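In what follows, subunit A forms one complex with subunit B and a second complex with subunit C.
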Partner chain A sequence: MPQVTYIEHNGTEHRIELEAGKSVMQGAIDNGIPGIDADCGGECACATCHVYVDEAWLAKCGTAGEQEASMLSFAATAEPNSRLSCQIAMSPELDGLVVRMPEAQH
Partner chain B sequence: MRPHGLPQGFLDAFRPVMPMLGPTGPGGAGKVEEEEPGIVIAGAGHAGGSAAAFLRQYGWKGPIILIGEEALLPYQRPPLSKAWLKREATADNLALRPERFYTQHRIATRLGTRVTAIDRAARRLALSDGTTLPYSRLILATGASPRRLGLPGEALSGVLALRTAADADALAGVLGPGRRLAIIGGGYIGLEVAASARALGASAVVIEREPRVLARVAGHALSGFLEARHRAEGVELLLEAAVETIEGEAGAAAAVRLVDGRRIPCDAVLVGIGAVPNDALAAACGLEAGGGITVDLAARTSDPLIHAIGDCTRRPLPLYGREARLESVPNAIEQAKQAAADICGRPPPVPEVPWFWSDQYDLRLQIAGLAFDPAEAVVRGEPESGSFAVFHLAADHRVLAVEAVNAPADFMAGRILVSKQRQVAPQLLHDAALPLKDLAI
Partner chain C sequence: MNAPVDLDHASIAATTPLDRLDPSNPAIFRDDAWQPYFARLRREAPVHYTAESMFGPFWSVSTYKEIMQCELAHKVLSSDSLHGGITIRDRDKSLRLPMFIAMDPPQHDEQRKVVQPIVAPANLAKLEHMIRERAIRILEGLPRNETFNWVDRVSIELTVSMLATLFDFPQEERRKLSHWSDCATALPMPGGLIENEEQREAVFAEMLGAFTKLWNERVNADPRPDLISMLAHGEATRNMTPREFMGNLILLIVGGNDTTRNSISGGVLFLNENPAEYDKLRANPALIETMVPEIIRYQTPLAHMRRTATADFEVGGKTIRAGDKVIMWYISGNRDEAAIDQPDRFIIDRARPRGHLSFGFGIHRCVGNRLAELQLKILWEEILKRFPRIEVVGPAERTYSAFVHGITNLPVRIPG
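Up next, the complex of A and B:
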């Protein structure tokens, strides 16, 4: 099963297996990984599952859709490699993905 | 408060690995007292489930026992009126977290069980299965229940409410081509179900007592926009229409009779007229409650060992200088964090702007803030285009709330403006050519 590594703002790493098709947000929630809130449950409505995608994986994650980009443009800590993790679906190509969490989601 | 009348040392049914010990069994009564009582969470909805997860995230090592009245692990309720009703979601999608999460994080669950009484002096709960359970800390997450009509005919079969997955299954069973659903109440539940009913080929008639839909929770512009859209989708809207009774045939709902004499034939009735907080349990043990369990910004009740979170609470709203009940997932999560942080001795979470969302047809509604005593409503964008926002301002031009329809950037900007209590000239908000980013950040 493909693996994802989540790195908390304080540097704590969490490596999990995540089945293809599930979102990177859901992987964090299902495993109790701190730093991703996901208030809306994956509807791209709240921007509380913001992550920084490791540069090596950025292209493979695709580009943010219009709604996601709009939401992200107002996240105070957004960077060029910011994504909403509910919009990144796991796939075999993303095996080894590394994402980092901002200090806070609000 | 009602005494439980159970013998001292009664071994509660939880702790399945322990042999059943009677009050006079091996080890005696003292043995049970040595058991470390855990944090008990009464209510396994979004609030209760999130509190359990945050307690573990924040480092609580002791036992956590999650008690839920429904037979299901915590799940998302918002899709019940939408994706679940349209059978676009599976139980897997609906679950907040998979079953293994609870075992991995040592969160014990007791489903199909309700707390019936709280003995605060003894720090012990009476449960619906006749057992009792000690607690070191208690988190009340008892939620809310659908408000009842209180009118004749409410007990007929086919008169439904929507709160639980079981409710949603019952509702799904009466929706389909050729069926007609009468929806009493033009609130979010009513409108979302109307949209889902249309998608399923059923017809829907919404009966609203007020002159507009969402009268309690939205401004006039949004109400008017949604009314037009629902009518365009074939939903019949009856405004300023008061229900007198639900008429039945052979024990099943067949029509809604209005006070003005009109009779609305239907195959089923959905009552969506709001929810009442489940605060009776708290009130019965002397906790401060009235229209919700009174809590502070750390989700503390009037008993230092008892927190309360989610729909069952009445909470302070520092941005608005008042208290209110917020029925929303974001509020449930925020208060779950507040309670878990307080219990674990962590700094309180950053205060959040209340926000809500709703999906109807291809419309994504996002609302941030609460429009208490608004002086002015400013529309940004063209409602005809299907993408616009309404900003509600106080007399001093402080942004109180934003209602965004297919306008996520305006929602995000509004959320920031509300949190910063920013005063903004109405024309700056109105002019859609001016980017809000500079105002907000």
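Up next, the complex of A and C:
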């Protein structure tokens, strides 16, 4: 199964296996990884599953859609490599993906 | 007119013909009798049309999933004050108040981003110490073995002192902020807080005068991290008309006031109604973390948000026509058992307590949601350090409103 590594703001790393098709947000929630809140449950409606995608994986993750970009524009600490992890679906091509969490989810 | 009447709401809610059901009647919120009306709507008509009400015709969306669909449909469900804004009550066009919550993109986005840094993580960290000091001062000043109104002594006091800080408004005049907030949302009625729209406009003019003075001081000074300075220097806000400044002030005052205030009051009430939960909390204060969002869900301090369709829109098997008024009843979606386990129970240690609608979702989601949670969290930490028990000793009195779901009086006693 493809793997994802989540790095908390304090540097703590969590590596998990994530079934293709599941979202990177869901992987964090199912495995109790702190730092991703996902208040809206994956509807792209709150920006509390905000992650920074490691530069090496940015192109493979694709770009944010219109709704996602709107929500991200209201996130407190958005950067050019910011994505909402509920909108990144796991796939074999993303095996090894690394994402970092912001200081807080707003 | 505004006196509570003893009605059998459960049977009225059950027997009224569905098409005559009117969940917007402010009396059902004042009487804490809204539950059976919305339970029936969720069961029989999650998207429902009321043809006649004191607010005119409107659609009600009462289930979680359908509310979420509406939240995401901002392109066809407008918030613009030109169409009527974000509350069920239409105001005369000449009294319309532009404010960013009642705007659509792109203007909404531009203005919202001006004030957003006030609640960024770094700024919240700065505010935390100050909130704690205020909370301690307020709690230390409370009487023992004596009945007092928790709403006035704690809920209002903490929220207005916070707001005064955010605006850098004179602390000694902080109670003006709650007065203006109450006047902004009050339904005009004889003997009420305001009797007509002229009175409301006079209050707004007084508010605008006070804030224009602050604006003028700050626009000529270096930018500072208070809301007035941010608005005065923000590219998207520095050229606002006086009416727009007034609208945004009301948004920020009401947004930071009623909501947190009523959640602070609600928490005390819910713990008294659920003594086993209060015991759990005392045994494990770490549960404050999950209790805070549960309080906000259970209270739902704003009962609804309104949108106006600008094109035909399908939701829940119904077609909403362009021009129709759509009410998203957060207070009902938060009790939807399809989305929330045992929704009518107040449970302070839910697994995912933030999955509620009280802050809205989508582009208009509450800017201050983390600040609201922070205030409640700090207050409860300090309460538990001091008072093993706050006893509610009389019935809560509630706001006559279909918008602000508020508690105006909560008689309590602290044994000690």
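Simple rule for what comes next: the second predicted complex is superposed on the first by the 106 of 106 C-alpha atoms of A that agree within 3 Å, B and C clash if a C-alpha of one lies under 4 Å from a C-alpha of the other, contacts with A are read in each partner's own complex, and residues count from 1 in each chain.
Everything that follows uses one rule, which is that contacts are C-beta pairs under 8 Å (C-beta built on N, C-alpha and C of every residue); 3 or more make two chains touch, one makes a residue touch a chain.
Being a predicted model, the structure only gives us computed values, none of them experimental.
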#### Entry: Room on subunit A for both subunit B and subunit C (clash or fit)
clash
### Query
What is the contact status of A:G62 with respect to subunit B (first) and subunit C (second): first, second, both, or neither?
neither
### Message
Tell me the contact category for A:T77 with respect to subunit B and subunit C: first, second, both or neither.
### Response
second
### Query
When the two structures are overlaid on chain A, which partner does A:A104 contact: first (subunit B), second (subunit C), both, or neither?
both
### Task
Go through the superposed model and pick first if A:C40 touches only subunit B, second if only subunit C, both, or neither.
both
### Task
Answer with first, second, both or neither: which of subunit B and subunit C does A:G32 touch in the superposed model?
first
### Query
If the two structures are placed on top of each other, which part of subunit B overlaps subunit C: 4-12, 166-174 or 418-426?
418-426
### Task
Report, in rising order, the residues of subunit A that make contact with subunit B in one complex and with subunit C in the other.
37, 39-41, 43, 45-47, 67, 70-71, 73-74, 76, 104, 106
### Query
Can you name the residues of subunit C that touch subunit A in the complex?
68, 71-72, 105, 109, 112-113, 116-117, 119-122, 124, 354-355, 359, 361-363, 365, 367, 369-370
### Summary
subunit C partner, complex, touching residues on subunit A are 37, 39-41, 43-48, 67, 70-71, 73-74, 76-77, 102-104, 106
### Query
Considering the complex alone, what residue numbers of subunit A touch subunit B?
29-32, 34, 37, 39-41, 43, 45-47, 67, 70-71, 73-76, 104, 106
### Contact footprint of subunit A on subunit B as seen in their complex
53, 56-57, 76, 78-79, 96-98, 101, 104-105, 329-330, 333, 349-350, 352, 355, 357, 359, 364, 366, 408-409, 412-413, 415-416, 437, 440-441
